[in-house]
Amino acid sequence: MTSRRTLLTMAAALAGAALVSSPSLAQKKYDPGASDTEIKIGNINPYSGPASAYGLIGKTIDAYFKKINAEGGINGRKVTFISYDDGYSPPKTVEQARKLVESDEVLLVFQSLGTPGNTAIQKYMNGKKVPQLFVATGATQFGNPKDYPWTMGWQPNYQSEGRIYAKYILDKHPNGKIGVLYQNDDYGKDYLKGLKDGLGAKASMIISELPYEVADPTVDSQIVSLKAKGADIFFNVATPKFAAQAIRKAAEIGWQPVHIVNNVSASVGSVLRPAGLEASKGLLTTNYIKDSTDPTWKDDAGMKEWAAFMDKYFPDGDKTSSFTVYGYAVAQSLVHVLKQAGNELTRENVMKQAANLKNVDINVLLPGIKLNSGPNDFYPIEQMQMQRFNGTSWELFGPVMSGEIGS
Amino acid sequence: MTTREDIADSAVAVPRLGGLTLRTWQRVLTIIVLLIALALPAVLKNFHVFQLTLVMIYAIAILGLNLLTGINGQFSLGHSAFYAIGAYTTAILMDRFGVPYFLTLPVAGIVCLIAGFLFGLPALRLEGLYLALATFALAVATPQLLKLSILEHWTGGVQGIVIIKPDAPFGLPLSQDRWLYYFTLAILIFMFLAAMRLVASRTGRALKAIRDNPLAAKAMGIDTAFYKSMAFGVSALYTGVAGSLGAIVVQFVAPDSFTFFLAVSFLVGLVVGGVGSIPGALIGGLFIMYIPNLAEQVSKGLAWAVYGAILILVIYVMPTGAAGFVRLVTGRLTRLMSSNR
Amino acid sequence: MELFLHQLLAGIATGGIYACMALAVVMIYQSIDHFNFAQGEMAMFSTYIAWQLMAWGCPYWIAFILTIVISFIGGVVIERGLFKPIRNAPVLSHIIVFIAMFSILNSVAGFTWEYTIKSFPSPFPSQPLFNNRLIGAHDLGMIAITLILLVLLYVLFRHTRLGLAMRAAAANPDSARLVGIRVGWMVALGWGLAAAIGAVAGMMIAPVVFLEPNMMLGILLYGLAGAVVGGLTSPVGAVLGGFAVGIVENLAGTFVPVVGKELKLTIALVLIVAVLMVKPSGLFGRAAVSRV
Amino acid sequence: MSANLSVRGLKAYYGQTRALHGLDLDLKEGGITALLGANGAGKTTVLRAICGMIRSEGEILLDGKPIGGLAVEDVVRLRVAHVPEGRGTFVRLTVEENLFLGAMIRTDRAEIQSDVERVYAHFPRLKERRHQQAGTLSGGEQQMLAVGRALMLRPRIMLLDEPSFGLAPLLVAEVFEILKAVNKADRVSVLLVEQNAALALALADHAYLIETGRIVMSGSTAEIGADESIRRAYLGY
């Protein structure tokens, strides 16, 4: 009997000692997916299917967290990054999101990619009160804190980019005739809407808007049509492969409009070079991120750091693709949020911190572009700058702009 | 492209296994599976319940394809289209008109029955590869049609439609997932029983006669045109009901959900489960639900290569699907038993 | 009118792509009496092999020929290794193996060479011929190569004993064995040839659409459609069918009001199905007539 | 040219089912041997077993060398031509292509061409239709084509499965006439399976009677034809 009693007192004493000796422990707060040693982060990416090119982003993020872990983790906690494939199919996204939340019990879902998939899980994530943080899409519906306080975007949204181009066109070519090539999905239509809204009363400047499908072999027919209709401004809202086809075809048939290519396809390495650098001369676009193939950033500290990271943690990764820079930047942003959350790793605090970014500097974003967010501002990056291709690299011009979409 | 496997047919003889007839074994097995199905939600997490619900939904869709391919010998690479029609019917009715979810099921079924019948009419003139191409085209065209801007008011265009998950009725103490599981299970049992009825009926015999020998069937006075179109219709009805359930469970429809890949998955499920076998559809559903996940666990980068390898392995081991395999094994066993006696 | 002419020419250029693929489809159909749904992926994979050879420093034409040879051997090996063991399984099981091959090739290519697009060189001069800007030199070159392939195939099938044996083996394997044809090897040979033609198609198509693992996804469908429209038994028909599909698709996309631009693929497919209903053996195919 | 074929204890199987139960048979060199029997007696099975189309046990000796277990393609290479039930026409190919296929294993190109002409000499009707799809021929013409295709092999042994099936009597006579001529001229040994016993007995010099997979009688056609009881019981005339 006595022995049992001693044991109990000893245990109580030990427990008391533990409480006393580390008072900070008392302030630690965790939700599922976080502990003293670990933070579980979920992710959904199309590693297969028609959008599998984006899978590179997931791989880069994975590599970045390896780096973070190798350097001691986030506030001493190792990151466990669980990334699933949804093949760009919404039902699969739902399944994978539920697996992450209910089976793997992650703290948050990060950078789930694509508008359809994110739309499919938005209600679920908000119902479960699990952060759907920094989604990988520029659709405007993911920055709506009133209805969806657990969902937040990251990159500048497509509509504001469209507005920036509209502003430029109204300013420089007020009498132009605009032809648009767009991918027939939310992404293409968002850009188109931004352009139209930006043109406002002068939306009639758009004389032709032609869609294409991801399954189409080429967009040659559309380019031929746009030229024949007499467009002298070409707004190219296509993903890399089709954007490159359009650039090449336009040059081939001797069509030389003011050619604006959307930011999604602004990579020198994976779009302009395949399309032909000569043919790409004079292209306009906007950007917020540094282009790894642009010699301008050869000695840039941020890009050097990125290159070192790629060499060490993702040597197989494609350094000419903008996706690897993007993945690096967005992963850095998340790490910033989690560091800021400190020891209170609850889902609520994560969202609170994500909505509390003040001039955060991510070193691979263009100079002057910072992350900013607030309780009513769920678009962390809203600034972009226009640039023109000179045959070897992009040249920034004009001020850092924002699309100021009314949200 | 006809295949002549038929579990319902092969069970006519009364071979015995361990003193019981195969029929009895089948019954016992069915009851065990049913009991397990009823008990599972109590021990599983919501997420797994959700996955199993999807398995049942896929099984219903595969059963629909089976009625067309296995029983009637027609071929379709386009059943994702009917799945989509069912899903969209439900989504539009729920979202735009506030119709309760359970009422949308029969509507989706009827809409698909009509759509399938109408598609079956021209398809009558096409056989084998041509039918394959026509249905292939249907599958490829479906997402584009759903995106069509003139339909956007109804379909929500590329954004799709988000719908609200129903709660359990009568204040039953069940989570939404568990309730939908039982709801789907009930529909599944109903649909499976109806399919068995159909296969055993006059209509079923006519369909099989057309599959096995269209000329003779015609000579016997079977209206082959009507029956073939009807087979398309009924098949579409099943797949449409599955689509409708899928929309409710996933809470979302969008053009990207119904690509050609879905039609291929159904086909894989059909063949893996066993062409012509009604219970095989469940095996098919399990396969297309879990094997891709398994492949992803084996290797992330090469998940689909692993999946392909598994598929080839399955076909090598069971060239006529799980149902054919089971038939083979039970056949061997009964022969072994009887020769021992 | 000018737009019409431009679209017609653009249609011929894309039609060349489909025609090339359609030839490969007809080739495999002639030897296995069926489509190979993984054919596009095989062509894509061959093209990556060519790209890899060039990346290792091979000159274009040597890489071109090596790729054809490797693809031929690959085709034979796939048939002998993968399909011979299940030759008695139902057709649907074969289709599943095609699907499996599709997954494997696509996945391995993406894993090995990444999913980002690569430019693939064209053997033809980049300057437009005759200073016309409507149809590029590569398009013309591609059409020329397609026609050369067509002639070679025609000669093989119509004027050589090997070709005759292959046709016989495909049309009626049991009788073919009775005249001493080794049917299994004829099928393997057919696979090899189809793979080789697919490789040429891939290397011709890649400069236009850029090289990436999913590049053949849409093209295979158009190629199938072209082959079917032309009649699956006729290489000439397949090539003409390919051009027809390209032209119809472009014109439909441009001139069908309201829904044309959004549904150009769908409209093209509907037209094809309509053609088949009127003329089930395709425009140029010979119907198999037989007395009962 | 001709050869002799002897079969000892032949058992043959369709899947698990045994269709022949140990059967002996000799084919005289340069002669015509008929195999008679009712429907389903196993006549066709014998031919299939000899040329390797189905699994069989027992001895099959061609000029004393065993050929059992060889694949069809290899049996054909020993110049054993089989005109199968249903004629095995390549319906999508032309008449002439069908004939050339018959000579597929031969390499003497010039001779092949002259053999085609020889077949045309036998069957002028085929010459008229040489560029037609074989599927468009009438039944009788297809039968001629099948025989012609077999001749293109320059066979030492010809296995004929019901050449009279579905033909008008006049045509049957024509085909049999030519068979006789070929047998004489080229000294080809012929094994003829027939349901029309009268015809077969008239043509052949030796006959076997088969019943449910077993030989029940054999002898010269004269003997068999003369046996009243057999005529009634088995031959039905």
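The letters A, B, C and D name the chains in turn, as written, and every chain counts its residues from 1.
Quick note on the criterion: a residue touches a chain if its C-beta (ideal position, glycine included) is under 8 Å from a C-beta of that chain, and two chains touch if they have at least 3 such contacts.
Being a predicted model, the structure only gives us computed values, none of them experimental.
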Steps needed, at minimum, to go from chain C to chain D via contacts: 1
Farthest chain (mean CA position) relative to chain C: D
Chain pair bearing the highest count of C-beta contacts: B-C
Rounded Å distance between chain A and chain C, as computed from the means of their C-alpha atoms: 38
Interchain centroid distance [CA atoms averaged], chain A/chain D, Å: 76
Chain centre separation in whole Å, for chain C relative to chain B (CA means): 32
Between chain B and chain D, centroid-to-centroid distance (C-alpha), Å: 50
Touching two or more other chains - residues of chain A: 48, 184, 213, 215
Two or more partner chains touched - positions in chain C: 106-107, 110, 221, 262, 265
Chains grouped in pairs wherever the two touch, ordered by label: A-B, A-C, B-C, C-D
Touching residues (chain side chain C, partner chain D) in the complex: 161, 164-165, 167-168, 171-172, 174-183, 233, 286, 288-291
Contacting residues of chain A [partner chain C, same complex]: 48, 50, 52-56, 184, 210-211, 213, 215-218, 220-222, 224-225, 227-229, 240-241, 244-245, 252-254, 270-271, 273-275, 318, 320-321, 323
Interface residues, chain B side, partner chain C - complex: 1, 3, 5, 69, 122, 125-127, 129-130, 132-134, 136-137, 140-141, 144-145, 147-150, 264, 267-268, 270-272, 275, 301-305, 307-309, 311-312, 315-316, 319-321
Chain A partner contacts - residues on chain C that touch it in the complex: 2-3, 6-7, 10-11, 13-14, 17, 106-107, 110, 114-119, 128, 133-134, 136, 205, 208-210, 212-214, 217-219, 221-222, 249-250, 253-254, 261-262, 264-265
List of chain C residues in touch with chain B within their complex: 34-35, 82, 85-86, 88-93, 95-97, 99-104, 106-108, 110-111, 221, 224-225, 228, 232, 258-259, 262-263, 265-266, 269-270, 272-273, 276-277, 280
